[in-house]
Amino acid sequence: MATKSSASAKHVPAFERHGLSDEQLVSMLRTMLMQRTLESRGFQLNRQGKIPFASASEGHEAVQAGAAMAFHRGSDILVPYYRDLGLDLGIGLSADEVLLSLFARAGDLSGGRQFPHHYASRELGLHSISSVIAAQLPHAAGAAYAIKLRKQTGRAVLVTFGDGATSEGEWHESLNFAAIHALPIVFLCENNEWAISTPLSKQMAQPDVHKRAAGYGMPGVAVDGMNPVACYKAVADAMERARSGGGPTLVEAKCYRFLSHTTDDDDRTYRSREEVDERRKNDPVPAFERLLIENGVLTADAVAELKREILTETNEATDRAEAMPYPLPRDLYSKVYADTYEPWR
Amino acid sequence: MAKTDTTVKTLARYGLTDEQLREMFRNMLMQRQLDNRGFQLNRQGKVPFALGSEGHEALQAGAAMAFTRGKDILAPYYRDLGLALGIGLTPFEIMLSIFARAQDHNGGRQFPNHYSSKKAGLMSFSSILAAHIPHAVGAAYALKLRRQADRAVLVTCGDGTTSEGEWHEAMNFAAIHGLPLVMLVENNEWAISTPLDKQMGQPEIWKRAEGYGMPGKRFNGFDPIETYGVVKEAMDRARGGGGPSIIEGMCYRFLAHSTDDNDMTYRTKDEVVEHRKHDPVPRFEALLLEQGVLTASAVDAMKKDVLRETNEATDQAEALPYPQASDLYTNLFEGAWQPWQ
Amino acid sequence: MAVMNNVEAVRATLYDALKNDDRTLILGEDVGARGNVFLITKDFVNEFGPERVIDTPIAEASIVGIAVGMAMEGLRPIAEIQFADFIYPAFNQIVGEAAKTRYRSNGEYTCPLVIRTPYGGGVRGALSHSVSIEALFYHVPGLKIVAPAFPADVKGLLNASIDDPDPVLFLEHKKTYRLIKGEVPDGHYTIPLGKANVLKEGSALTVVSYGLYVHWALEAAQKLQEEGLSVEVIDLRSIRPMDKATILESVRKTRKLLIVHEDNKFGGIGAEISAMVAEEALFDLDAPIRRLCAPDVPAMGYALPLEEEYMSSPAEMADAMREMVRF
């Protein structure tokens, strides 16, 4: 891949890169482009009748690429939610694994059991989640407690959720517990202003999730979720505090959900096109692309090449996954317990 | 930990009359007397269980005075003897609950101090922490929906309950809808054996209010007059359409959690003795004497009267019958009911 | 008389309730502008306003808990849990609070509350959008549980549930939502809770079911009729209370009992029916009672073969019926 050295970007107005190298910046852009391409693929396959369901994270690319860059592979733990394709990719998930999930093939990480984008990989430090809102928060607090108990300084848990999840009792219980025990954990709220059809104003009476942090006795930080470098910085600082024994942080990244909740939802029933079009003007993907070109991190040609490469990778992963078999009917019965199980003995 | 000034020169009364001050004091005496009676009866083997609210007297007497009888709704928890008395329950009703007699509001079904009285506006609640907070929010929603602008819901809980998910969900909903509700937290620093610093990462519950978008305030729950002032302000705001608040009264649990608990397994005698120095009941007595609201002889007479009433209520309740075995089967659903039809 | 599907029947009934009784209101996730994820409450918020069609935060414990408080203060809340799979956080409020309110206060306070929720599989809902929850709740005295299969029953039973003075868990099988159509009588009517419906009379076997599987059992029984085998099909409609008389009368006539349900077998609804029939009518039986239920795994998977393996089918039901008739 063609990258320029940062030295050659001297003549361009400097942007705050918070210590990120050219290579890291390009990697973040790649994650964002890959996220968008794979997501579009999911929607296409659904419209073609090839898969029953897909969900979308368009608008979350910047926060997820930034947060993933702050994650230490092989050491940290990610407890995501179902709208975290970019984060999952950013910590090492492959396009093949994504397509296997979309097609619910036997080779999928959950063996075709779970909805798309509900990945679990012990190798990546990626926790298994359900579709149930906020149910993963206590798990994340428990994982962080295990790290602390074992005195594994240098490790931390990154747990993510949308704005809607903050209303759940389990969210409250998890933040409270993490604060009491000063756990190595970062609570990252991807506030996209919509919980299916419920706007933020019906989710909470004041619009700043991070302001709840003080009530638990932890720092609360707000960050522009459309700016991947700012998101990297906010999450990296919080993760570093967590890894070094400084306790939990609540980070709120303000982003926006550009698409409907899922392929089963039609957002025109509850929000205006004007609102969505207005927010599209802040689309983080072309903005970051421009920023890197203007600053000489990448040439326009290199970006075009990157996009071609991602499309090829997506196409190949699609073909490979589609050609793979479904799980077998007998796979329904495995892994209920450690041993084979019959209800009567 | 609650700290009070040792002397009060000019009494800030928030409009409370001498009569109201005396009524609050009598409530506090009655609360302590009935609490002790429950523990005595337990030691005598006459009742299996009792709960104490010693240390909460000032907070509860003050809050009850801010409650408008016949209008407001109280959603209390199980350590609210003084609040129940203060909104109109009688010592006799308390003793029926302690003795689990048939005539008890709950027909002897619930633990002591789990009252419910539609007449008094006191909502039924279980022993499950925080389970009643959404109910209070639902009741407040009903008031708002019906445009009953002069009514509000007073919901109480201890510090431990604020850790429950339902507490959070309920506060959030109340704030979104600007409901006529006052969340009164009786922070006594102990949840059975769990101290406040194991209950939350920072010790000030009222600070959570901002995160929900509502006012929050902390006050000295050993001072019944200050309590009244803060609760009254919050209830008036709720009644006037100004929405909910979280108010936190600092008090202390002088006794063990219940007759089944031994607090010396988890806290020191010294800590309890230190807090006892601020005991709100003798302090309020001294204040009222100093301010000339009561004379020493009037205090004596009041104490005698409270003891007499407690004794009579005890005897009356004890003499009454238990519910019958057949009462186990009533009031499951409306009408008679069997699982198979 | 209008022809409706089950979504339309729920919608029409809720609409009438909101229109005719100002104590009623709906609260749940996405019930307002979105009109519920299945469009059941579409446009309700425009007609009845956001005060009576409440878009709640994502907080199921409080959706039910707040409804309990509303009910205690004289409203008739109809709470919605978006998918039955999301009901677990509200378990305490349903089992510990709603079902006990009348009892613990000895009748001083009551809890007339309806909790509606779509349940069931066959829709590629994977682990968190396809569970059956009835067995988790039917152990609980103080709670009533309804699971209608036909649009006319949806209306009559939902009306009865809203009118009921006690808490009712109203289960709507989501695969039947648009699949099942039928005539629905005009005007307000109720069907009493706890009354089963004999859908098809027969002489050689009694099949008891509810929800989606009622339709499949009926289809299978009709196929057997063409083969000259006479099977009686009972739609329970209510799970608690349950219609003992109708089941016993049928079993004493046919002398054989097959129970069919989508929920898994161990500790399921079929277990209680089997025990009851064994207690009351063992010597009237000519064959062992049989239960055709889902396998004992936690959920159906997302991939098609996993879902198909979990779900039964009219053909599988027909096979079981043939074996029972010929026993």
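By letter and in written order, the chains are A, B and C; residue numbering begins at 1 in each of them.
As a convention for this text, a residue touches a chain if its C-beta (ideal position, glycine included) is under 8 Å from a C-beta of that chain, and two chains touch if they have at least 3 such contacts.
As the structure is a computational prediction, the values presented were derived from the model and not from experiment.
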item: For chain A and chain C, chains touching each; value: B
item: Between B-C and A-B, the pair with more C-beta contacts; value: B-C
item: Separation of mean Cα positions, chain C and chain A [Å, integer]; value: 37
item: Chain A and chain B, separation of their C-alpha mean positions in angstrom; value: 46
item: Chain B-chain C separation of Cα centroids, rounded to whole Å; value: 41
item: For chain B, residues contacting two or more additional chains; value: 165-166, 169, 172, 176
item: Residue list for chain A, restricted to those that touch at least two other chains; value: 167-170, 202-204
item: Set of chain C residues in contact with two or more other chains; value: 56-57, 59, 61-62, 89
item: Residues of chain C touching chain A in the complex; value: 29-30, 32-35, 37, 42, 55-62, 85-86, 88-89, 124, 126-129, 265-266, 295-306, 308-310
item: Complex contact set, residues of chain A against chain B; value: 167-173, 176, 178-180, 182, 201-206, 211-218
item: Interfacial residue positions of chain B with respect to chain C in the complex; value: 73, 75, 104-107, 109-110, 114, 116-118, 123-124, 126, 128, 131, 133-145, 165-166, 169-170, 172-173, 176, 330-334, 337-341
item: Chain A residues touching chain C - in the complex, by the definition given at the top; value: 52-53, 104-106, 108, 110-116, 130-134, 164-165, 167-170, 195-198, 202-204, 264-265, 269-271, 326-333, 336, 341-344
item: Interface residues, chain C side, partner chain B - complex; value: 25, 51-52, 56-57, 59, 61-62, 64-75, 77, 89, 92-93, 96-97, 100-110, 141-142, 144, 165-166, 194-195, 240-245, 276
